[in-house]
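Should a chain be cited, it is by its letter among A, B, C, D, E, F, G and H, assigned in written order, with residues numbered from 1 in that chain.
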């Protein structure tokens, strides 16, 4: 059971993490951040996150700051 | 039966032709030329030259101007 | 109890954030480098050489001493630094324009000299910073701002294969081409960069890692399309692989 | 009746003579080039690019139009010439310092572009003209004026293998290393240069021939010792061979 | 209003500040006026600040660089901050109130606050905040005819890619909409 | 002869014109004099012309470049041709008559013709025409002591390769022989 | 032909095409990459040559190759890129190879920044190449002039067999204004007398820059400097803007000159006798004309986007005929009409209070 | 220490070693290859760094690397080799990287020839790098001074964190004369405050030349030019040879100055009031001193082995205080004492016949 921390102001909305997450736990947010980008949000209602950090590894902006397992 | 023409003023006395001639028909001259080099001379008393032009091919200075066969 | 399995590497500046475009490959590679510096505990002993291209602002990203080089010359600057500070860890971070186009001579001769430095070359097959013109690694057919009709081999020739050539230099200890297009490839890329770092740390010679990376902005693709493009198209021209690894030979 | 089986090639200047030292390898290669220009009847249609090194005075040897390049840049000058005069025959004549040291980037990128030109590179493993300093192709252990104690790999690395690297460029049609140390080798060398010329004539791409040649003066050897040194020592480091020949591949 | 006009259009990369200026200049040429366009770029790759200075005149324009502008169009807060002091006394500033909540600082100029991003949502998508602002600017100044800009848009559509050309109706709608904002005084001061 | 002397030594590459000048300068230093040596090289790789200008003086030598030389040593014909006009009126020129059969052109200078190459054959081989000429020059001018040059030769032999050091006796013999040429007037005028 | 709205960089590129430029060799650099991009789009279509070279070193040497065949060729770059061309530029002057180089200055030194600047006056005019040589340098102030001088550059490069540099700054390269292309107005000289095209039934030719025999280089250099005197006689060009009665004369080149004009206009409105002397050719520099102008003036104010580079030529030309003041900003700082006007007002006030002053030393 | 007979090039090399030069990076070129050869022989033995770089571009950038660590490093080259270093030199000044560059001028332009010349004054002083920057340039006239100025070069490079060039000509590089090495006489500044050696328990440092934020480069340039004012104040050096009553003042640098001295001596013997003003620092140029000298003189005769390069600085400094004449030979032609003497006699005769003349225009 895992958890991730996203810095939504740093996220640029490239969505490579969405592609990377084996559990499909990331999605585009509906609200833009201060830069006008639509960051991703962590959506793990069913506690599926395995803390594999694949999302973080694929993030070009280190916007996924922490991953817990 | 061959023959070669050496330009003794152009010859710089490197003696690569001596090394190249399969018949040993070239030798260092005893007199220097105007540049102070001791050119080679063609010494084919027994008419051994086969006109193979190996001497000319090895000459870095095109000092062996002509080869006849 | 929750354990922290991943965090932002310490070798990055606390408040620094990358100024790259969304989905730009530079970010992933810089993070990998920072992670490795953390793992090797090298942050304090590193001098990084920045080069001219989108990554020019290394000092704004890394908590490292940084010397800036002119376009293509970072291997020389690195050589000067390393020869004066042989105990320090010295790497150059360059683009394909920098390391393989204007500066390929410097790269090659540094490799031949077997300098104990490491070069990470980000190959996004174009000059990213100046707006996406064709570089020496641009694919035949690739549309760039200087080849709007696609690069034509008859007119401007063929892409240069940097890692392969560098592997032919006798001073090279390690040369590889990797990509960062998937978790698997990212893990591979990190391994390769680690190997190249170790070549320096162990005094074996020059380490060179070419990383195929996305430039979504100039490719006019989304980031996701871009990484797919690398896997599907670019890797057929610039194949992934380890082209030289003198430790592997020793092991044999 | 006597037949003339060999004469001084017409493409050499009538009154020109080489200003090289006795036994210098440049002379043999220039003669081979002149012979081939005669054979291909190209004298009238050739523009030769001279480079900086002992061979710089091409215009004093050849009865050819000559453009002089700065040190290392003759492939660029040749490119400019050839692109403007695609029907002319264009070759560069360079040393190892010129083509493989300061100018190796130009050589490589010209090869990658597949320019329809030919490069003859005389590798005498040093800077002849300036007095025998170490170049990129200098052997480990070789004594030169800048390595009076012999080139040390730990300090200045390893020799660069030009022909091998050029063969890795996709625009290269032909790349070979030859020597002119014996009649047999001279015949081979001429064949290689002929192949490289044909690559241009037939529009196949870039031709590159590296010729191992003696520099007796700076090697402090007699000419005869020098050619023996090439065969015995230099060829073990810079091996002879054809590293790329796209016509051979086609034939297969 | 006489025939001379200097305007600075500023925003972050992607908002089209530069393009709005280009449209304006082209329209000036259509009307036979003298004009200059001069861009400036920021340091960042992502979302960097950009702006352009546009002069329109009946006679020669010596300096493309503007000391004091008759008008400033600020498409975001940073632009407002940077250029507020550049407006000539008596001039005006268009502010994108969707992205800027900064207090205005001057009393000797007019402010035209338009919630450009919000208004843009009401149009056929995509709609263009830069073009909307340009429409407003032209209606306010009457320095050039809206029709001239439309003509330019149509001409441009002929030479660009089909994908871009397809946006012509959106552009035409945006500029007209921008003009209407002024006509209908949908602005806050 | 006062303490000032300017001499040009010239020949083709390999004849040692430059080295003769260096010996001279070193000897000047040994005797605590001021001195300059300045070389010039020709364009050819093979047998190109080389020369050096040497000044010896009791005071500062401002110019290493010589307009008019007190003496010229011409080791071959080309050197004679090139430098004959450079000799100061009243000065002299040593000519290597083995390699030069040119007519002399001036009446206001002295000529010392020495068949250097032929004479060298008489010495322990190898013998050095440049050093022989230097010996003659010194004996003629007495500007420096032959002994000083010998001292320099001995010092030099200590720092060079064994192969070169082995030539010390030949050098010593050559210089002495050169001096003897003058002493015994084995010259033609 | 009608006026079209065109960006400086693109105007230069199109003008080069109109001038018959057959080859473009270049390496991208801001703020002039549009030139290469424009060429990359258009030249191949026209069957002309376009190569993105591996470096600026390569570009300029390709230009040399083209030049030796008498073909019109061009490269363009900026600041640090131009720095890499210095060896070749010197060699070109020596071997008398024609070619056109466009330099669009950005902020320096070093990588500097990409803002407009004029810090490369020394680079263009005094060069970092070795030896005595001169590049002919043309300095446009408007987009129209960029077109006209591009035409002229191609012509005189061939005419004098010398490199010609179009020295623009980032303002001019990046700005747009309406301009007219017209037709290439020159009749170019015959190149067949010297160009390389194979020694077919004529003596072989060579175009080289090494000349070892004693005295040969000196003679050559002197001959080339005679040619430069010709160039000076025929080509020296400057703009006289309200100089006839000017007490305070501004000197400025390129985009600064047009900004200065705005300030001069304002000063004239206020009754100040101010004029502008704008060198159009930076080499040949209008020494004599400037000296004569200075003799009639009370003061010269040199304006540049640098720390004072043309200033040296101005001082040498003025040579004490009147005092010379300098006002400039380096490395991307811009001079605006206001700034210049204020400086004018300040100096003019002083002038009113003094008579002709003694020459100052920089 | 006793005087030894030493060749200019080797004196420079040995002086560099004495000065504590830890690294030499270079690429051979006549007439200075002896410097690299000397270093290649001695540095490795001493455990110091010697690399024959792949080019001059590489050499100077290696010097930069060494310089960023605060290590004393040097390169040497000639003419076309120095041309290739221009980009890096500009970057060094911008990033404030110390380093010593020895330039031994040969005949130019282009490959030119290998004869001594002074055609690279502009190259050294005005540069081909981009932007506003200054290299400190020291010009020795004797082998002794070559040693002393090499010492000084290493010191002030570190002191001001700027490249320093020793500008010698082929005469000085190739000639031998007795000289004394002595000890390196300077106490060098502490570099640990800025040098790169890993961000260990201190904030990370950077030494870079790109500064994009608006105004940053301008501030930086202005600060560096303030530093240059410091340099000018502290370091400006020239030699005054019989100037006090001179009516005709010769200006010359490097080896020409010593030849000129011989001519001055002769002229003085003939009763002519002639003197020599020899700038030792070419940047900082002794403007003010020269101007003051010119004010007292009736004429200046500038002598150079080129077509008139320092002349521009001389004219700017003199600025009309007296007329300036030029006499020079380019591309390997030498000035001899006779030639200079004759020119002196010619001009002096004119001077005697006129009073102070009006300032001419070059």
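Throughout what follows, a residue touches a chain if its C-beta (ideal position, glycine included) is under 8 Å from a C-beta of that chain, and two chains touch if they have at least 3 such contacts.
Worth saying up front: this structure is predicted, and the values here are computed from it rather than measured.
Across D-G and A-C, the chain pair carrying more C-beta contacts is D-G.
The greatest centre-to-centre gap from chain A, using C-alpha centroids, is found for F. Centre to centre, using the average C-alpha position, chain E and chain G are separated by 34 Å. Annotation: 39 Å between the Cα-based centres of chain D and chain H. Rounded to whole angstrom, the centroid-to-centroid distance between chain C and chain F, based on C-alpha atoms, equals 62 Å.
Chain B and chain C have CA centres that are 58 Å apart.
Residue positions of chain B with contacts to 2 or more other chains are 12. In chain H, the residues that touch at least two other chains are 51, 54-55, 80, 87, 91, 95, 110-111, 113-115, 208-210, 212, 214. Contact of a single residue of chain E with at least two other chains is seen at positions 43, 46. Taken in their complex, chain G has these residues touching chain E: 3-5, 113-115, 171, 174-178, 255, 258-259, 261-262, 265, 334-339.
Those residues of chain E whose C-beta lies close enough to touch chain G in the complex are 22, 25-26, 29, 34-41, 43, 61-68. Residues of chain C that touch chain D in their complex: 101-105, 108-109, 112-115, 136, 153, 156-161, 164-165, 168-171.
Partner chain H is touched in their complex by these residues of chain D: 52, 56, 68, 70-72, 101-102, 104, 127, 130-131, 133-136, 145-149, 152, 155-156. The touching residues of chain D, when paired with chain G in their complex, are 13, 43-47, 49-50, 52, 56-59, 62-70, 73, 76-85, 88-89, 105-106, 109, 113.
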